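Structure incoming, see below.
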Amino acid sequence: MVKEKALLEALFFAAGEPVTIKKVSEITGLTPGEIKNLFRELRDEYRERNSGLELREVAGGFLMSTRPSFAPYIKKLQGERARQGLSQAAMETLAIIAYKQPITRLEIEAIRGVKVDKVLDRLKELNLIAEAGRKEVLGRPILYATTREFLKHFGLRDLSQLPSLEDKEE
Amino acid sequence: MVKEKALLEALFFAAGEPVTIKKVSEITGLTPGEIKNLFRELRDEYRERNSGLELREVAGGFLMSTRPSFAPYIKKLQGERARQGLSQAAMETLAIIAYKQPITRLEIEAIRGVKVDKVLDRLKELNLIAEAGRKEVLGRPILYATTREFLKHFGLRDLSQLPSLEDKEE
Amino acid sequence: MEYKVKTDVFEGPFDLLFHLVKKAEIDIYQVSISQIAYQYLEYVKKIQEFNPEIAGDFLVMASTLLKLKSQRLLPSVSLQGEEEAEGEGLHYSSEEELFERMLEYRKYKSTAEIMKKMEEEEKKYFYHPVKVEEEKAAGNHLKEYMGKVTLKDLTASMEKVMENLQEEEHEVILPQEISLTQKMEEIISFLDKKEKAELEELLERQRTRSSLIVTFFALLILVKLNKVSVWQKYGFGPILVTSNNVGDNSYMDEERWGTIG
């Protein structure tokens, strides 16, 4: 395989989303015509050797993905990963939000002593927390609170049903 | 390409992290022996055609990634998402844990001559180390050990691949 | 002796110790604390003006050096009990142990450099990024993620957070600024009244470990400035401290000596 074709292969792999010709051209210095030709060669080679991967033109760009017929297996793989549950970092952050809501990111970080931006993204993705307005202080930081989904999962009617922590406090 | 080999290719692609033989076996129903052989064939085919991708055995699993020589281009593609390296303090602490695991915080501090509580928090946060039980001495201190993420971070198949402990005079 | 005062030069107290041992061209197996401790303290005095946070680690080592040194000078004074009571991690029972640890540290330091290179190499490999949407496609994602997580887990997490928080708050209260100048003045005025004092008397008056360390520092500085003398009549006898009665007090300059937090 010529070096340029291998480079495109690596780019499509690492992108994880459609990459436009313009972008590929900026990164590699290849002309749009060269890129198109190399893409086609690569796509045909994948087909010819019955690879588990395939190359497509999607949403105005090039995209590398698994062959659709393998979808059931891929789902199993991702299901496995999903079942690993929430990390300890996520659990602690969720607990802080539950008991101290509404609360800003900085306030959570002050308690946990570490950055929590990624964890917050994850909890939002899972719809366990949501943005709940802004705190009226300098910079108007976003406030976070738990969602109905959160109550539903833990079988709570409302937040007043959260177990009290007082008895453990000295 | 036989269907099973293509399936493995698709799995390694979609995983984005090392996949163990056990997991591949559960998902595909293939035996560990078959999986090992198919992996080797696939890896050699990638090499022979000078693919932009490569297959490695890392952290007790199979891992598909881009060829390292293309790193400068991939970095351009991903922009600022560059992965940050560990600080010297973190690296020294991690080295001590890697070679002496399982080890307590006090034991690490005796070797480094400094407090390491903050560094330990950081390494735990990065999932490079984890608590591994308690030492059965007074106070039952927590023991720390490296994780699979640690192996992945350094591209090691297992702990036996750690470089031998240096003892050179400067 | 001139040191380059650049606080990022030494990664930790052992790094500095190595440097001093190397500089003194002493065989590491022959080194005695006394040869090194004074230079170590000189350096720490300098860096703590520049970066008090880094100086903290170095100070702990300084106290260890002083403790080992004092054990040599005064076999009867043992700070061991206090150390353990405070649950301090960094205590070495002998010079041999300290230098053994230092040698061990050096092995890990050079290995850490190799690991740094491995890390750099590994960063050149890129993986197919797994999108959250792809994971969602795997099914009812919230249930998948949260299936086993109960209300009990949630409260347990919160209790853990609060426990950690209490520990930290406890730690924050401890640091207390002690002025080196103030300690120097204290020693001088103590000696003015008494003419001569036993070292033990001076140290006994110190309530906390930090003030003990600072007193030691202050005493060393006064000796260096020739303001006081420290002597011993006979082996294992009491160590006596006397004032040299030099009237000039210009050295008592807060700016110059700063504080140790």
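Labels for the chains are A, B and C, by order of writing; each one numbers its residues from 1.
Going forward, a contact is a pair of C-beta atoms (placed from the backbone, for glycine too) under 8 Å apart; a residue touches a chain by one contact, two chains touch by 3 or more.
Note that the structure is predicted; figures quoted are calculated from it, not measured.
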{"item": "Chain closest to the assembly centre - both centres taken as Cα means", "value": "B"}
{"item": "Far-end chain from chain C, centres as C-alpha averages", "value": "A"}
{"item": "Distance from the mean Cα position of chain C to that of chain B, given in whole angstrom", "value": "34"}
{"item": "Distance from chain B to chain A - Cα centre to Cα centre, in angstrom", "value": "21"}
{"item": "Gap in Å, rounded to a whole number, between the CA centres of chain C and chain A", "value": "43"}
{"item": "Junction residues of chain B, two or more chains touched", "value": "13-15, 64, 66, 74, 78"}
{"item": "Per-residue overlap in chain C, given as positions that touch at least 2 other chains", "value": "126-130, 134"}
{"item": "Touch list for chain C against partner chain B, complex", "value": "11-14, 17, 22, 57, 60-61, 89-90, 92, 101-102, 104-116, 118-130, 134"}
{"item": "Footprint of chain C on chain A - complex, ascending", "value": "10, 13-17, 64, 75, 78-79, 81-83, 85-86, 88, 91-92, 94-96, 98-99, 111-113, 125-128, 149, 153-156, 162-163, 165, 168-170"}
{"item": "Complex contact set, residues of chain A against chain B", "value": "1, 3, 5-11, 13-15, 19, 23, 26-28, 49-53, 64, 66-67, 70, 73-74, 76-78, 80, 89, 113-114"}
{"item": "In the complex, chain C residues that touch chain A", "value": "126-132, 134-135, 137-139, 141-142, 144-151, 153-155, 157-162, 164-166, 168"}
